[in-house]
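Labels run A, B, C and D following the written order; every chain starts at residue 1.
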Amino acid sequence: MTLRITVFGENRHEKFDQRVQELYPEGMHTTIAEGLTRTLAELGVETEVRIALLDDIEDTLSDEVLAETDVLTWWGHIAHDDVPDEIAERVVRHVREGMGLLPLHSAHYSKPFRLLMGTTCNLLWRNDNDEERVWTVSGSHPIARGVPHPIVIPGQEMYGEMFDIPAPDEQVFLSSFSGGEVFRSGCCFYRGKGRVFYFSPGDQEYPVYHQAEIQRVLANAALWAAPQEGRERTPVKISNAPRDWFRDGVAGPGEDGEALDRVI
Amino acid sequence: MTLRITVFGENRHEKFDQRVQELYPEGMHTTIAEGLTRTLAELGVETEVRIALLDDIEDTLSDEVLAETDVLTWWGHIAHDDVPDEIAERVVRHVREGMGLLPLHSAHYSKPFRLLMGTTCNLLWRNDNDEERVWTVSGSHPIARGVPHPIVIPGQEMYGEMFDIPAPDEQVFLSSFSGGEVFRSGCCFYRGKGRVFYFSPGDQEYPVYHQAEIQRVLANAALWAAPQEGRERTPVKISNAPRDWFRDGVAGPGEDGEALDRVI
Amino acid sequence: MTLRITVFGENRHEKFDQRVQELYPEGMHTTIAEGLTRTLAELGVETEVRIALLDDIEDTLSDEVLAETDVLTWWGHIAHDDVPDEIAERVVRHVREGMGLLPLHSAHYSKPFRLLMGTTCNLLWRNDNDEERVWTVSGSHPIARGVPHPIVIPGQEMYGEMFDIPAPDEQVFLSSFSGGEVFRSGCCFYRGKGRVFYFSPGDQEYPVYHQAEIQRVLANAALWAAPQEGRERTPVKISNAPRDWFRDGVAGPGEDGEALDRVI
Amino acid sequence: MTLRITVFGENRHEKFDQRVQELYPEGMHTTIAEGLTRTLAELGVETEVRIALLDDIEDTLSDEVLAETDVLTWWGHIAHDDVPDEIAERVVRHVREGMGLLPLHSAHYSKPFRLLMGTTCNLLWRNDNDEERVWTVSGSHPIARGVPHPIVIPGQEMYGEMFDIPAPDEQVFLSSFSGGEVFRSGCCFYRGKGRVFYFSPGDQEYPVYHQAEIQRVLANAALWAAPQEGRERTPVKISNAPRDWFRDGVAGPGEDGEALDRVI
């Protein structure tokens, strides 16, 4: 199996912010993409990684690209509003049909994540070089496999509770910050036939995505979020189900002419 | 305490469908409102119940009305699209700030519910007079208090799985139908500071809302969903939190000039 | 309604440890009991509080006492093994039938809590005067009502993850410590017809139970955990259910001669 | 990877009950083991399957065998009490350390399952040849991969709600029965570092384990429950954690002389 990953980057800070240019000379998306490729290779997984940037979003997040994407990572911060609503809804539709989504850090405020959560996704923040420690709280979760307990991030923007999200379906990581705040930093959500893993470490002003442990988390998460082999990429349907539709010889197409799903 | 309930009714079938007119001569909303008033009175709870109809939705679901509403019940079916987006978003905003919401039956497809879920809310259906049995699966849930196990509904539209919703935060009821399908018929969701209880029994072509057991469920749910006394109706905020903001004498307003919440 | 609370205290440290005697001259149980009584009175709730100590546990946690107890708080540390297995199982049985249980701090290792969890309940710890900050992560939870965000506890034993418990049914509080660790410090569990709230702040060597915010949490938790009026205190039963048992005129006693539950 | 499965069978009905002998001439355990081997082979997974029977339980569920077992399936019914407490606790210990456990049908009452749940595990039942339909309610769960929606079991013992278990961490399947009852028939639980999948179809008097769809569920579940490669089989530990133990060069063994876990 080849894992097909699309790395979406806003690529705005990289154009004007010297600190970001020093940390990520080829853009944050390049560091994220290379980290995924290398770490997954070490885990024996072949990958095909594409880059999608806000400037070429109409092409790089087209319906065709998303249909061929197993897992989409999403980093955005200052230009969430520049993502067309239609593309945000397209991403959401593909998640519901089975595509994995990894919203990273400030993507808590991205359009696709907010649409999928239904909440404000508000939180506390402070950009003041806090130390962050990322703790595993699930003993058998594949996203925590091989990850140090805790991951120590020497400097990072603080994200703190109350984080206005639905209770995660699985809580993998919790973070504390040197300033005393806590945060649900690694959260799994199931939506439709797709999987979403929100991971908060990773601000543009800190070299977080260069850290091997962070790359390992992202690699684990990509494996976790990918659709399973042999599952069709379709949404859960609305169907008029005639009586006994699920019995041999009885089931026919629904009123709307579409055959009823016999496998979810 | 007086529980302030607003009963939203689409009131469309009532205008042209003879079967519905016979079952609900004064409209489904009236039956729902009267059932809530009577059942809550029996439970010793005083209520103030308003009716809001699609025809006067701009007035009856105004910001002022919602701010004075503890719990909003919502029934809609053929005219979901006639609810203005702005009002759907207003309802969602009030839920996030603490208002309770009870989407009923075909309101699985209403705009506010879909916005709060983030999923398609698709399902199977069949209008063929199925018997529905509503089973309690949570031993200590207040919404199941005093409710028969099972509630038997002699005739009802079938709603079946797969129901495309996020996994409920609390599963209170599961239903089976005479045709063999199952459904997660009573589901609790926490969103922001608000509570949502989706309850599927109740189609316009069956006298479900006249059934005392169903009225009891709705009354229990209204009590469960109401905001707690002494809690402010505000959303979870996004705030820039200066270091040590939570220590005595240090905390000041955030960068945006708004004081940080010290009580959620 | 009068809320009937039984406060179980191990009362061992109090007998030989001077530091504990200074902090809690009448025993930790007395401080806990008085805090509950006073805080609940302020909330308008009448209480009837009994004390149960390890030395008189056979009498004070008898079947009769537990049957008349709405909520049992449990503090123990160095003498968990001195609690007879039979009494631990009795407590567990009453929880399953509807009694509320509040295991406090080192009661993570108490026999009733471990029996109810099914896990080791292991954790990290350090007794080194850490500052603990208790953060609310659920926007509408009654146990967080009126509680500062965060509660700051100036000195406290550190309890850290990985805490080996089942994922809580509701996560109310998360704590961070000055040493950098995090902990799921306020956790709700539903078991049978009963409710369990584990709350970790509260070591014998620190004056935690004298803090008004902590007393408020315990008072809120007692209200949350109490069985609802009008619910019978019985376990979920195993029953042989004859076909159509739930239809009028058909249901009879199960094979074992016991009538089937028609209300959970 | 070779998946190492141990199939535990009580093998009592097989000794005296003619109906069972006809359905399962070589014992239910043999049918379960062969179904797992064949189905996993079809999925491209190599297996090593051992049989463990109650008569030789001391040897076949020894500490050594369990340490070499990735997933243990458990079927028992009339002889739960003949399983020594020590062996039940041994199984529980291995689950907490990472072994997968699949309790089947009447194993809802087995000692290991009850110890892991902490509840009574009571339910309704009726042995009267009900039709059971097993519906998928999780759109992306690997245990539902390739499984018909619904699985129809022509004849089966009815298991009905209220089933006294903690709310499952993941609900995969819900069943309805021709008599009208519903049941949470496929339930995932995380306990310590291990995974538990309870699956209710499968009574000794019906040929359920010969059904290919049921075999597929068990194969999927074995893959889901198996410990992940590269994860050590150890319990979550209790440890005294010196300040800064997680920083480079500072961490030493805990007070108890055991090194602290740096990977969960």
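For the reader, a short list of remarks on this structure follows.
Please note the rule applied: contacts are C-beta pairs under 8 Å (C-beta built on N, C-alpha and C of every residue); 3 or more make two chains touch, one makes a residue touch a chain.
Just so we're on the same page, UniProt names per chain: A, B, C, D = Trehalose utilization protein ThuA.
Computed from a predicted model, the values in this text were never measured in an experiment.
When the interfaces A-B and B-C are ranked by C-beta pairs in contact, the top one is A-B. Compared with subunit B, the chain whose C-alpha mean position is the greatest distance off is D.
Centre to centre, using the average C-alpha position, subunit B and subunit C are separated by 31 Å. With centres defined as mean CA coordinates, subunit C is found 37 Å away from subunit A. Each of the following residues of subunit A touches two or more other chains: 133, 136, 138-139, 149-150, 160, 162-164, 167, 169-170, 180-181, 190, 192, 236, 246, 261, 264.
Contacts from subunit B toward subunit D in the complex involve residues 131, 133, 135-139, 149-150, 160-164, 167, 170-171, 174-178, 180-182, 184.
Touching subunit C in their complex are the following residues of subunit B: 98, 133, 136, 138-140, 142, 144-150, 152, 169-170, 190, 192-195, 227-228, 230-231, 236, 246-247, 261-264. Looking at the complex, you find that subunit C touches subunit D at residues 92, 96, 115-120, 122-126, 128, 158, 160, 162-164, 166-167, 169, 179-181, 189-192, 235-244, 246, 260-261, 264.
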